[in-house]
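Next come the structures, one after another.
First chain A sits with chain B, and in the next complex the same chain sits with chain C.
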Partner chain A sequence: MKKVYMDHASATPVRKEVIDAMMPYFGEKFGNPSTIYDIGSEIKKDIDEQREKVATLIGAEGKEIIFTSSGAEANNLAIKGVAVAKQKKGDHIIISAIEHHSVLNSARYLERTGFEVTFLPVDEYGLVSPARLAKAIRPETILVSIMHANNEIGTIQPISDLSAICREKEIVFHTDAVATVGNIPVDVNDLGVDLLTISGVSLGAPKGIGALYFRKNTRLMPLIHGGIQERGRRGGTENVPGIIGFGKASELAMEELPENMNHVRKLRDRLISGVSERIEQVKLTGHPEKRLPGHASFCVQAIEGEAMLIMLNVKGIYANTGSACASKALKTSPVLVAIGLSADLAQGSAVFTMNRTNSIEDIDYILTELELSVKKLRSLSPIWREKAAA
Partner chain B sequence: MYSQIVMDNFSNPSNAGEIENADGIGEVGNPVCGDMMTFYIKVEDEKLADVKFKTFGCVAAIAVSNMVSEMAKGKTLEEAGSITKQSVAEALEGLPKEKMHCSNLGAEALAEAIKDYKSKNSTSESEAG
Partner chain C sequence: MKKVYMDHASATPVRKEVIDAMMPYFGEKFGNPSTIYDIGSEIKKDIDEQREKVATLIGAEGKEIIFTSSGAEANNLAIKGVAVAKQKKGDHIIISAIEHHSVLNSARYLERTGFEVTFLPVDEYGLVSPARLAKAIRPETILVSIMHANNEIGTIQPISDLSAICREKEIVFHTDAVATVGNIPVDVNDLGVDLLTISGVSLGAPKGIGALYFRKNTRLMPLIHGGIQERGRRGGTENVPGIIGFGKASELAMEELPENMNHVRKLRDRLISGVSERIEQVKLTGHPEKRLPGHASFCVQAIEGEAMLIMLNVKGIYANTGSACASKALKTSPVLVAIGLSADLAQGSAVFTMNRTNSIEDIDYILTELELSVKKLRSLSPIWREKAAA
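Coming up: the complex of A and B.
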């Protein structure tokens, strides 16, 4: 059976080149980078080389990169690390309503410990308005965190406009760029951010590795206290193979970026126009233009997303959904709620995220199977009947 | 995540659809809650001669609907009344914990359809009498 993987926002396959680069670090290059003899200290050098590669991908310097265990840890470090470091200056934090759970729940945690948090609403496309941000800022505001692009709806935020407002007032600005780094050009200076989160799993590196970019002089309290690894900002012996893989994946992403963007944009546009031609009553979620080149997301009327995706799964197609039924907590995705979708329409969510390995044939296969699945589920749906009658 | 029998009931539901001039109709849930089931029954000699359903919901909701209709078909109204969320889930060889409420909905929708039949029937009887 044909297999089409289109959930690259959740995980990307680790590339052969990346695995090859990592292999020696499981075996002969096993030394602890904090030691002084050569089999350890050489590895320290290797780590710093990867730091440069990751930094290059985002227009930063190597010494501004802290390796973490994941994008989630980097987000936690950014939010909690700044809040604790700057709490004498103020106790107010602003985040958007559509942040990843690792930002959202870090902010909620801080709320319970006495910080005040403003959750900025977004418009129907998921965009944060700079005017609204400016209005939400108070004298006590110490940190603003707004994600670069949203993984569920693909919308890309006007980060440089938002960060400019904060820079003027000396408020630390963080962006979660897990969905963008490796998929579109990202430059920390163009974006004007102080902190930026990257994850390995979304760019062809293995799981269990991420990084936080921090601009020089940004004060940050570590989450993991320990030795002097990561210049004292994150304790614990380094995940050396993960870091090596992350560096290699960053290098490849940098080289291939323009070509990959063109490729996935064509696939995305074919999928979006194909869906709108072949399936009635479907809403494209997120912004039609200001969106990730490899991201197509929809809400299909009168059917439920988990059923749709399992039906596609049976056909060898792997995609994602924000449907309440697909979450353990049975809650509709906060992102779909924030863009103002009704609960029943949000149930019909389907998200396709593609990369360089996908082809035009993959898109055509999805279009055929998606059309069939929607037709079948609608034939079972009591509310589709009501719509037809109305 | 789902057993083979859940997948079979979901992929090829034998009783999906509506019954024209159904003797009883039961509707539970609503699209805003995420699941909605409508059951249609045909009653002959106090037995369920036919049971059909339409469901808006996840894999579990659709599989439960079909299993309930399968279990109920041919049973007396009284026997069908003893179908519970546990017996449906067992027949499906288990459901993920967070999906047990779907099982409940299916049993409820059938019970509603039987209730609807009984109320219509008692009205027509009293009218006749």
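Coming up: the complex of A and C.
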């Protein structure tokens, strides 16, 4: 049976080049980088080399990179680390209503400890308006966090416009760029951000590695207190193989970015136009142009998304309903509610995220199977049959 | 040249069986465990299997294990997670004076946020006295954290005596067992602890994985807020290959524990007696009997420890001065100060941690080279020459 994996935003196979780069660091190069003898201290240089590679991918300097265990940890470090470090200056934080759970729940935690949090609404495409951000800012605002692109609807935010407003008022600006780094060009100076979250997983590095970019002089309380690792900013023995893999994956992403973008954009456009031609009453979610090149997301009327994805799964197609981290108990996606969809329509969500390994044939296979699945599910739906009869 | 690696407490090569177990999870089994389709959701079962293996090694149940990125993260989660969750009940915490940096600096951080912390002194062997702990407890004490064994001096604490005092008063008891799990039998029920920290590194699992055992009903605020992973207790995509490796390493540790203990105890005893026979004015640090079976630590009078270790390094011997995480700027180890050593003597610290791969020949090689190094360094030491002349 044909297999088409299109959930690269949730996980992607570790690339062979990355595995090859990592392998020596499990066995022969196993030393602890904090030790003074050669087989330990040599690893420290190797780590710093990867730091440079990750930094290069986002236009930063090596010393502005803190390695973490995931994008989620980097988001927690950014939100809680800045809030605690700047608490004396103010107690107000602004995030968008469609942030990843690791930002959202960090902000909610801070709310319970005495901070005030404003959750900025988004428009029907998921965009945050700079004017609305400007209005939400108060004298006691210390931190704004708005994600670069949303993993569920693919919309890319006007980060440089948003950060400019904050820079002027000396408010720290963080962006969760897990969905963009490696998929579109990302430059911390063009974006004008103080902090930026990256995850290894979406680049083809192994699970268990991420990073936080922090601009020089950004004050940050560690999330994991400990020893001298990461220059005192993150305790615990470094995940050396993960860091090596992350560096290699960043290098590959940098080299291949223009070609990969071009490739997935063609696939995405074919999927979006194919779906709208072949399936009636389906809504593209997110912005039609300001979206990730390899991201197509839909809500299909009168369909239960999970049932649709399980039917596709049976046909060897792997797609998502939204965020892999969302609670399974949570019936309606907060992101889809935030862009104004009815709970009914939001139920029929399907998200396809593609990468360089996908092909035109993959898209055509999805179109055929998706059309069949929707037909079958709708034939079983009382709501749909009523409508058809009317 | 002969190579003798004896810093297994800082890092140890990932075992071949562990690498073999992990490998499929980089490539073919790459799915995100939180997804609904088969290639993702199947991984969740694999993770829970490893959870059982890690739990078995410490006499716990799988659902009492939270996977983290390191022992340091688990220590931070235990200390800060309990303190914040129980803040309404009280604001006093007790730790020993010789805890790992991740416990020590978490407690110091809490001190700055309004908690009171008592740092319990230790005796000349590094032991915490149950009577002293009982005296330090106040009505507002919510948490006690005392490490199972110290990585720098090898002393094993009387945890069950200490925890019994806390249990009676309904105070949460945490132990950092990074130095013991896999090296001596560890059972959370025998120890009577509510929380226990494990690290993968010391078991031959890869860097980047650890775990916190938490007894049912122990309230804990997450350190990394996020999605549904680890049943809401730790956000971020699971480090699947790391978890698989950790499970395999736990399984092997369980099988081999009695044999390995026996083996390293013989090596340790040969090293300790050889050093005391061949080198004058050297002090065994830590307890002579209540110590880790594979741990030998000394302070050599009139010697600069780093110089000694670098000389050994040249001869292919890898040992440590103390904790790999200690600041290189820190001239005197707080642990050695806590057991009452003079700053002078504490300078000459050397720590050897052995495992099943070490041999009698390794010990004899160390004894020869250590004796030579000490002689050479002392011949250059004005203090030593004065003494010899006197």
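By our rule, the second predicted complex is superposed on the first by the 382 of 390 C-alpha atoms of A that agree within 3 Å, B and C clash if a C-alpha of one lies under 4 Å from a C-alpha of the other, contacts with A are read in each partner's own complex, and residues count from 1 in each chain.
One rule holds for everything that comes next: contacts are C-beta pairs under 8 Å (C-beta built on N, C-alpha and C of every residue); 3 or more make two chains touch, one makes a residue touch a chain.
All values derive from a computational prediction rather than experimental measurement.
*Asks:* Mind working out whether A:187 is in touch with chain B, chain C, both or neither, as first, second, both or neither?
*Replies:* A:187 sits against neither chain B nor chain C.
*Asks:* Counting only touches as set out at the top, which of chain B and chain C does A:344 meet: first, second, both, neither?
*Replies:* In the superposed model, A:344 contacts chain B only, not chain C.
*Asks:* Let me test your reading of the model: by the given contact rule, A:239 touches which partner, first (chain B), second (chain C), both or neither?
*Replies:* Touch partner of A:239: chain C, not chain B.
*Asks:* Which partner does A:52 contact after superposing on A: first (chain B), second (chain C), both, neither?
*Replies:* neither
*Asks:* For A:383 in the superposed arrangement: first (chain B), second (chain C), both or neither?
*Replies:* The answer is first: A:383 touches chain B but not chain C.
*Asks:* Would you check which partner chain A:161 touches, where first means chain B only, second means chain C only, and both and neither mean what they say?
*Replies:* After superposing on A, A:161 lies clear of both chain B and chain C.
*Asks:* Which partner does A:307 reach: the first (chain B), the second (chain C), both, or neither?
*Replies:* The answer is first: A:307 touches chain B but not chain C.
*Asks:* Of the two partners chain B and chain C, which one touches more residues belonging to chain A?
*Replies:* Per-residue touch count on chain A favours C.
*Asks:* Share the list of chain A residues that count as touching for chain B in one structure and for chain C in the other.
*Replies:* On chain A, the residues that contact chain B in one structure and chain C in the other are 306, 310, 323-326, 328.
*Asks:* Going by the contact rule set out above, which residues of chain B touch chain A in the complex?
*Replies:* Residues 2, 7, 10-11, 13, 16, 18, 27, 31-38, 54-62, 98 of chain B touch chain A in their complex.
*Asks:* Per the contact definition, I'd like the list of chain C residues that touch chain A in the complex.
*Replies:* Its residues touching chain A are 5, 7, 10-14, 16, 19, 26-28, 30-32, 34-40, 69-73, 75-76, 100-102, 105-106, 108-109, 199, 201, 206-210, 221-229, 235-242, 306, 309-310, 312-313, 318-321, 323-328.
*Asks:* Sort out for me which residues of chain A touch chain B in the complex.
*Replies:* Of all residues in chain A, those touching chain B are 302-304, 306-307, 310-311, 314, 323-326, 328-330, 332, 342-344, 347, 379-385.
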